[in-house]
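All chains are identified by letter, namely A, B, C and D, in their written order; residue positions are counted from 1 within each chain.
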């Protein structure tokens, strides 16, 4: 009654078939399949916009080869531009220039990773943090204000102070939602959405008001540049924009991993997230955990905001400094399965899309909305392995009989029974 | 049967002693808001009169402009609000539930006081009709979106994709409305577009059991990407034929439209607005009075239980989700065949998220969610009207008003809200 | 259709092919913002066409993209890069300093981020527009045209490039009042703050803002901020009253024919022309980095013709406006703005 | 109608839950299915009811082969089922729950609620239930909810009725009533399948008994078989059905509860002026019909109830008004009534669940960091000690069977330094083998000198475990009596009749 009949009389005959089948049912094949599908859809859109294709398709029936050639050009060009812009520029003259895109990718990934972690931590504590935008804005405002407003502090101290200010501001902004949830039961989704707008107008007010964030002497709602002493140093040399913010993001990944998997606090977050009733019965202070989880989440998003104004956008910023990262972070966190390593990988993938999207626009004239579409399709398909398997006719994992969980359990029981 | 035929007690608690609940929340909230208002009046007093206009030209009779001394009125209102706060405190202290009219009176007093204060000294009339009718219009997509949210969430599908449904509706209505020159065709197309978004949401969440939040978030991005792409590639180059719609005309309801104040607000609107009021009632009726609604709610609360009585969970969920998409899509049509005659990139600008908030604020009840949408519309228009009248508050702070009001209302008065129990959980059959 | 002859080495079609690479990067508004990105793009495209080359362009989704987009353009080998708005100013300066061989054209900003009155890099040509002057004329015209004695304005966000229109407009109205002893009111701008929709979206928020202003009884309205004028038009239609619209940036009568019936005039801000000229000059190796300030005097800003309103406006008022224009050019009437300080 | 199952096989992945099961149930027969937790009884019934599709085998009704694609088909064929886990929508009223799936409608799909109410009343009257059709299900005591389940099944006039552990949450009286109903239905010609872990019920009502073990029918038993015979057939070994305990060695100190009042958020008084004391080395069983304040009493003891007045003294220290954390730290062990919702985090591993209520201090946490080695060592030790049947300590607790889940909770609570042990319904839904084990552990705790409070609706259990029994009715204490009090007296007390009157009445 245990394992199916096929285990016994399955001959060793076809190792290859077995291996292939295993490969085909592995998780990463689904990921590849998802990317292929999304890229196909993107290709249709690219073909649709490309002038060469449009011109050639007019006389498709008299010389179809032109259309196909144009199609190939357009699609190949676009995706190779995407690659050139995000990983390795094979057209560059020097090696440094050639790997520049990779550093760009990591640069774009930095705030996505940090903010993605913020969303993920909240998620694990059962909270849906849609307030990344507001938290980033407030963090940028605070870090920026310290970064250009405080004078006379030496380099690492000034930077540290600005970082702390940014992280604290993000934490406070998210903490409001956490506290209201803990104290009054106000749903964090509502409060964080509303705080996005409040934060936006608040920061805009500060940007418009001389003496707060607006650069002295300027009439524009924009801050002065960040002081040298408060800037995150370049990571791999002056020529590359990549800065130490990336290292901070990596540290945050490790830190969040430790928090969630190795710390008492993280254990409590997860318990509250999975089953708040049981957590309460076990003596965990649920309102406290909720508030602290939001503080952590906001602090991480705050790190994203601070790293932007102290590392990437050091020439002064205005009210769009959040750059949609607060919302992208949700996708990053979800795609990364709300785990720190997943968030890291998803953040880098999205960073690559951002970096490559610019090159795609510049060198091929491909509108960057295509990147949005391809990006979201990848997430959708990766999240739905059965669909991808169905489309590519990949085998389902577990169609082969493996000695499974239940078997061992049963076997144990059986032993016990016969004993 | 055994000898011990003791009659089992029926619902034992029914006859239990009761001790009053002690919740100070509403009293405290009222107190805090009143105190804040008092601080405002003390810190920034404002001399002059405030002028309120109640009538419009088409009314049966004209109510003259009401002119009140601003600070006097504001202080009077403050006293009233303070009394209400104290009253709420007394009720609570006596162990009685604070009746709903107490916070109602306080809210009204504070609103009126604030209006007087803000409009003080302005030579301009503050048009109450304008305030209310603008509020209705601003809330239309929110109400439709919220109804869509209620419908799908009641069936157990978290609908983060309201934004996408609104945007898809707006986009399709613009194209089809322009091509056919008929706003009706545009609205119909918007309904279909909303349903299409729902269908994708359903395919991934219901059929493939993908996390509903992921799909919702991603669908929004996808719709933004696709509509922006098509907008720049197709609509912009050929705006005259593809992106210039005829809008729905306003159709006044004879006689009713001439009633002062409410006439122009409620009875001189486009068909989409009338449909909105009908839709609120219909969704309520369908959810709570029909077989369809009973099954939808059952599937959202306890799909396994629904399955055991022979209800097809998957079909019911798809069905509700499609209706949700239809309603939200129609809300999207508002942008391009009622409000404006053309589509613009990302023109819903986050309305879907506000609608989502209204769903939760309204505790997943269609009428309450609609009221939440209206409240939001009102607060938005309040800031706009006051900035026109010439309020002393910096414009950025005025722009915050609707959002702050929502937070206060949710934290202070609504509190915990319980979603449908099975929301977000895919139904996988054994 | 018929296939063209196959030509060896097909690729560039234009005979007058040039190896000049003009480029442009937008701010977050994108090239279809119905405002400076769009007009600048049109100007640059026209220049590129004339030079027989193609414009390489990139849209920024947000501030975080500016640096990278400029970087991409430089590495694509751009000779001249057009950038837009104060938001891109600092990054333009940085890119210009790092790439002295590339020429930059910066629309609507002085490229002076240390506020010493000097632009911060030699190879940037700032294009500035003192639109307050033209708005002043529009305000005067509107005040004279208004029968209700009330005119209105509202903006997207309280940026200087937005409020300069509103402020010049109000100064013009005030000037009219001072001249004529009237008391025409401006609704929506009090000299420092006013009515803003909070963004540059043509949506219901913009429309209710317009409606609330219209409800005050104005008969002229000036919406400032990309596409939000469309919302104003819808609000005007819904009001059923006769309300005149004043356009901004380009002559609405020509760029958006649907407005022809209601557009009184437009406050012209010649971004297309000045960008066109700057890029053309660069393509012909005649780039000069001298800052350009559009004024009534040099025609960089102006008031558009009245078109359909020709017969609706009192000819003496038209004459007064013309005279006022001369007076401003001559410095007899002072118009203040952040650019004129 | 005659029901026949032929060669039913149901696999979950590699696990064979039902292995070629043959079963025949004649009309006018009550057929009992016995088997330990996880034996496959519910699975078999879910196959019959169309919730699961069998991998092999067929279902015959009156010798006609059926093919059910869902419960709808099964119901249409005349099968009704009372599910082990309630299949009620908590926020619906009784009438709505009963009508769900076969709603009567007026024109246009509008619900005819009056018809549904009438149907509920009619069935209630026929079987002597008292159920208000307009009551919202989640507000009802569990026993009444069970009746609603039964009304639901009966309202469709089924010929084959399945009762899957319907008595787990019923009081003795309610159980007796239910068995009366089953007999009535049998006499009307229905074929009935009855699943229970309580052997007394089996012997009382069964016409035929089949025993399931590890997915197979291992044999039939006659209704005259002894409890011990049935139990060993079920579990596959000899089971001791009585609790061995010595006379209590009572300590001076313990728990003293005075004038305890617990109010709900809406103001209902749930525990009404309750006073009692339990001393070290003594078991006090709180008996009573479910929903008479026992749950709230235990929750008040542990600090989970927000509105509490009165005093709870443990070894002289006041516990009322303290947080849960403080109460736990004072040495209180607590087994909640609803283990899946209140006792365990289903997605967590066994090891994580074993440290759940010690997540902020030694031995599992030092300087804010989890001590994984210590945690795993402890988990392995406890899994062995409490005989938790699992693949390993990394297995998710949600995957364990009910009995094993309960062992995890007990292991966690009993391995702290206890000064008081409170357990609510510790053996509900647990098979006889596990019950034996759990009872042994509770007695061992008492013998170690800890005061023990056990809430049970099970009279057998109360009598077996208790040194004294406290009966509650409508939030009040009816009386505290010795464990030797006759059962019918206890039964009457549970209906609110004072002990002295009850003794008269029962005599």
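Assume a residue touches a chain if its C-beta (ideal position, glycine included) is under 8 Å from a C-beta of that chain, and two chains touch if they have at least 3 such contacts.
Given the structure is predicted, the values throughout are model-derived calculations rather than measurements.
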{"item": "Most remote chain, CA-based centroid, reference being chain C", "value": "D"}
{"item": "Pair joined by more contacting C-beta pairs (B-D or A-C)", "value": "B-D"}
{"item": "Where chain A and chain D are represented by their mean Cα positions, the distance between them in whole Å", "value": "45"}
{"item": "Chain centre separation (chain C, chain D; CA means) in Å", "value": "75"}
{"item": "Centre-of-Cα separation between chain C and chain A, whole angstrom", "value": "37"}
{"item": "For chain B, residues contacting two or more additional chains", "value": "232, 394, 396, 399"}
{"item": "Junction residues of chain A, two or more chains touched", "value": "201, 204, 208, 367"}
{"item": "Junction residues of chain C - those touching two or more other chains", "value": "158, 198"}
{"item": "Listing of all chain pairs that touch each other, if any do", "value": "A-B, A-C, A-D, B-C, B-D"}
{"item": "Footprint of chain D on chain B - complex, ascending", "value": "1-13, 15-23, 289-292, 294-295, 297-298, 301-302, 304-312, 421, 429-430"}
{"item": "For the chain A and chain D complex, residues of the former touching the latter", "value": "1-4, 261-265, 267-268, 270-271, 274-275, 277-285, 398, 401-410, 412-414, 416-417"}
{"item": "Complex interface listing, chain A residues touching chain C", "value": "58-59, 62-63, 66, 85, 89, 92, 97, 100, 104, 107-108, 111, 201, 204, 208, 215-222, 224-225, 241, 308, 312-313, 315-318, 320-325, 354-355, 358-359, 361-363, 365, 367-368"}
{"item": "Residue ranges of chain C in contact with chain B within the complex", "value": "30, 32, 152, 158, 185, 187-188, 190, 193-196, 198-199, 201-205, 207-209, 211-213, 215-216, 227, 230-231, 234, 237-238, 258"}
{"item": "Chain C-facing residues of chain B, complex", "value": "123-125, 127, 130, 134, 137-138, 140-141, 231-232, 236, 244, 247, 250, 334-335, 339-342, 344-349, 380-381, 384-385, 387-388, 390, 394-396, 399"}
